[in-house]
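Below you'll find the structures, each written out as structure tokens.
Below, chain A partners chain B and then partners chain C, in two separate complexes.
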Partner chain A sequence: MVIFSVYVVNKAGGLIYQYDNYVPRTEVEKTFSYPLDLVLKHHDEKVIVSFGQRDGIKVGHAVLSINGVDVVGKSTAEGKDILEYLKDPVNYPVSIRFGRARLSSNEKLMLASMFHSLFAIGSQLSPEVGSSGIEMLETDVFKLHCFQTLTGIKFIVLADPRQAGIDALLKKIYEIYSDFALKNPFYSLEMPIRCELFDQNLKGALEVAEKAGNFGAGS
Partner chain B sequence: MSRQSNRTTDNKKMSSELFTLTYGALVTQLCKDYENDEEVNKQLDKMGYNIGVRLIEDFLARSTIGRCQDFRETADIIAKVAFKMYLGITPSVTNWSPAGDEFSLILENNPLADFVELPDNHNTLIYSNLLSGVLRGALEMVQMAVDVKFVQDTLRGDNVTEIRMKFIKRIEENLPAGEE
Partner chain C sequence: MTVHNFYLFDRNGNCLFYNEWNRKKQAGISKEEEFKLMYGMLFSIRSFVSKMAPLDMKDGFLSFQTSKYRLHYYETPSGLKLVLNTDLSVSNARETLQHIYSNLYVELVVKNPSCSSTQTLDSELFSSRLDSFIRSLPFYSPRAA
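Let's turn to the complex of A and B:
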């Protein structure tokens, strides 16, 4: 049972905290010789595979690192454009790691704001008056749980669909927030949370929840 | 296996002496810095406001209270749950206005001012004005604009401490989704 990530969104819809607790399993590293038989293209500031799927490297996977060094967007760590680099036979043999592109922090910010708006749609679509916003979003790979406090802060947890006890975990995260973020006088409200104690206690709570989740519905 | 939801801080008992002394030191330092009772009252209210906006989340996280339906329920929760939780006292709720938008909290004893006597040159100082700010800040975070005033104060010769709270309006900006 795994808890994948935690997001905290403030009243205005801005992401103020994000923590990822998972390691993507679908990464493949291979050594290639010239010419490269995969077709790569630019997409959204990343270089992705558009044709030539093979050996675990799928269409849509992004180039994560070249020769062991992580790439930066469309360029290698040294600043050379990746597609240019890979067209030059001099650079071969080259070892490239492909995998599902991880979300950049800007993308996470945008997705959090989008979720904030969608959350409101949940209550607007409701046939009954006074419905809450979206509390749970389910896909085949994960379940997203959202808890909105009376003051408008949202705590969002992405977890394995079979994970139990997320409601208790959301309340616990609220307590940890009210302790280690709010009681820190140097933390300003609505701003990104950069408190060590908050991180540590949150990780501790996630570990407890992951272990307890195996015993059926939590308290 | 049920998980205890108590946090370790709940079980730590601290004597209230340090709290009383700290608050006293705070007020006297403000008096020295500003030398003007009105100004000190304002500063205490501001400080209380900053405390209130944070305290409300702690209150909501620790109690399982949901949204109050009307101002009467709010008054009851403030007196019976919040004051009990944070100051260990339970003020009584009285003097409702006919419109139901104003009430008084009567405090028999005030833990902030246990050992305090106000000298003559500070007779407009509202010693416990921090509490006004706390109440105002906390309620503002749950979309209620209120006006909080001390109308009686044992430190200024009255029998009881009376805090008057008036509901001004519901704050419609930045309502959390689903609260319309």
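Let's turn to the complex of A and C:
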């Protein structure tokens, strides 16, 4: 049972802290001969599989490395365009590694702001009076928990769906935030959090939560 | 224990059907705008979830909850989206939504040659059967919790 990541979003919807605790890497490396039976396409500065799912390589997986060398966006490490490289039979047999693309910092920023808006829409479309925004979002592989403080800061935790004790963890993260970020005289409000003690204590709290422990009154 | 409302969207975002049972607060915007906002929110949540997911997903987004209600979502492979808002006591309405799709929508609407699948649903039969189905659910009570 794991906690995947933690995001902290400020009042305006901007991401001020992000920590990836556990990122499962589902990667598949295979050797291919010409012609390639997977259909690849450009998407968001990456090359992804658009058709031809097989053997663990799913639609949406990105090209991570060619012949053992990590790719850089849409081109190989030498600067050649990947799709052009793969159209040339001279380059075969080629070994390509596919997997879920890692989120870049920009993408994380955009997703955090997107969630900030979705949180508000969840409250607006409520059929009941006095509803908060989205506090928990469930999918089949993860559960997203969100705690919004009275000052508008959102603490977002992505965890395994069966993980318990996330509500206590969110309150604990709020405590750590107020102790190690807010009380830090060099930290400016609503700005990205760059406080070592905050990082350390957050990691400690995640370990305790994963072991399904309870946070002691004074810890 | 109660069901608040139900939306049915086609794959282009048109709201084919909407009904409410125990809704206490309107959204403050016209029904048309509300449908667009609801569809837009669901579309964004799906895209958000597919990017954020640490592993490959099979069913995708299932539900979300706030302090007062829970929204259950079911999407068919043909792009039809069923949305049910209930109170917090209902933890999983996926089977309910699947039942509404296969036993009510497919039987009464898809198999009906006079029901056009792109416009708002006109079927009285669908509407009344859905209403009695929802009222018969174990988690439905006319007096809202």
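We take it that the second predicted complex is superposed on the first by the 204 of 219 C-alpha atoms of A that agree within 3 Å, B and C clash if a C-alpha of one lies under 4 Å from a C-alpha of the other, contacts with A are read in each partner's own complex, and residues count from 1 in each chain.
Simple rule for what comes next: a residue touches a chain if its C-beta (ideal position, glycine included) is under 8 Å from a C-beta of that chain, and two chains touch if they have at least 3 such contacts.
Everything quoted here is computed from the prediction, not taken from an experiment.
**Q** When the two structures are superposed on chain A, do chain B and chain C clash or fit side by side?
**A** fit
**Q** Is A:Leu36 in contact with chain B, with chain C, with both, or with neither (first, second, both, neither)?
**A** Neither: A:Leu36 stays clear of chain B and chain C.
**Q** Once the shared chain is lined up, is A:Ser123 touching chain B (first), chain C (second), both, or neither of them?
**A** It touches chain B and chain C both.
**Q** Which partner does A:Val28 reach: the first (chain B), the second (chain C), both, or neither?
**A** It touches nothing on chain B or chain C.
**Q** After the superposition on A, what does A:Leu158 contact: first (chain B), second (chain C), both or neither?
**A** second
**Q** Between chain B (first) and chain C (second), which, if any, makes contact with A:Arg100: first, second, both or neither?
**A** Once the two structures are laid over each other on A, A:Arg100 reaches chain C alone.
**Q** Touching A:Leu83 in the superposition: chain B (first), chain C (second), both, neither?
**A** Neither partner.
**Q** Could you look at A:Ser178 and tell me whether it touches chain B, chain C, both or neither (first, second, both, neither)?
**A** In the superposed model, A:Ser178 contacts chain B only, not chain C.
**Q** Where does A:Gly133 make contact in the superposed view: on chain B (first), on chain C (second), on both, or on neither?
**A** Touch partners of A:Gly133: chain B and chain C.
**Q** How many Å separate the nearest C-alpha atoms of chain B and chain C in the overlaid structures?
**A** 11
**Q** Counting contacts the way the document defines them, which residues of chain A are shared by the two interfaces, the one with chain B and the one with chain C?
**A** Residues 122-123, 130-133 of chain A touch both chain B and chain C.
**Q** Which stretch or stretches of chain C touch chain A in the complex?
**A** 4-5, 20, 22-25, 27-28, 34, 37-38, 41, 44-45, 48-69, 71, 85, 87
**Q** Using the touch definition up top, name the residues of chain A that touch chain B in the complex.
**A** Chain A residues touching chain B: 11-12, 119-120, 122-123, 130-133, 148-153, 165, 168, 171-172, 174-175, 177-179, 182-183, 189, 208, 212, 215, 218-219.
**Q** Can you list the chain B residues touching chain A in their complex?
**A** Residues 1-3, 5, 7, 9, 53-54, 56-58, 60-62, 66-67, 141-142, 174-178, 180 of chain B touch chain A in their complex.
**Q** Considering only the defined contacts, which chain A positions touch chain C in the complex?
**A** Per the touch definition, chain A meets chain C at residues 4-5, 22-24, 26, 58, 60, 100, 103, 107, 111, 114-115, 117-118, 121-142, 144, 158.
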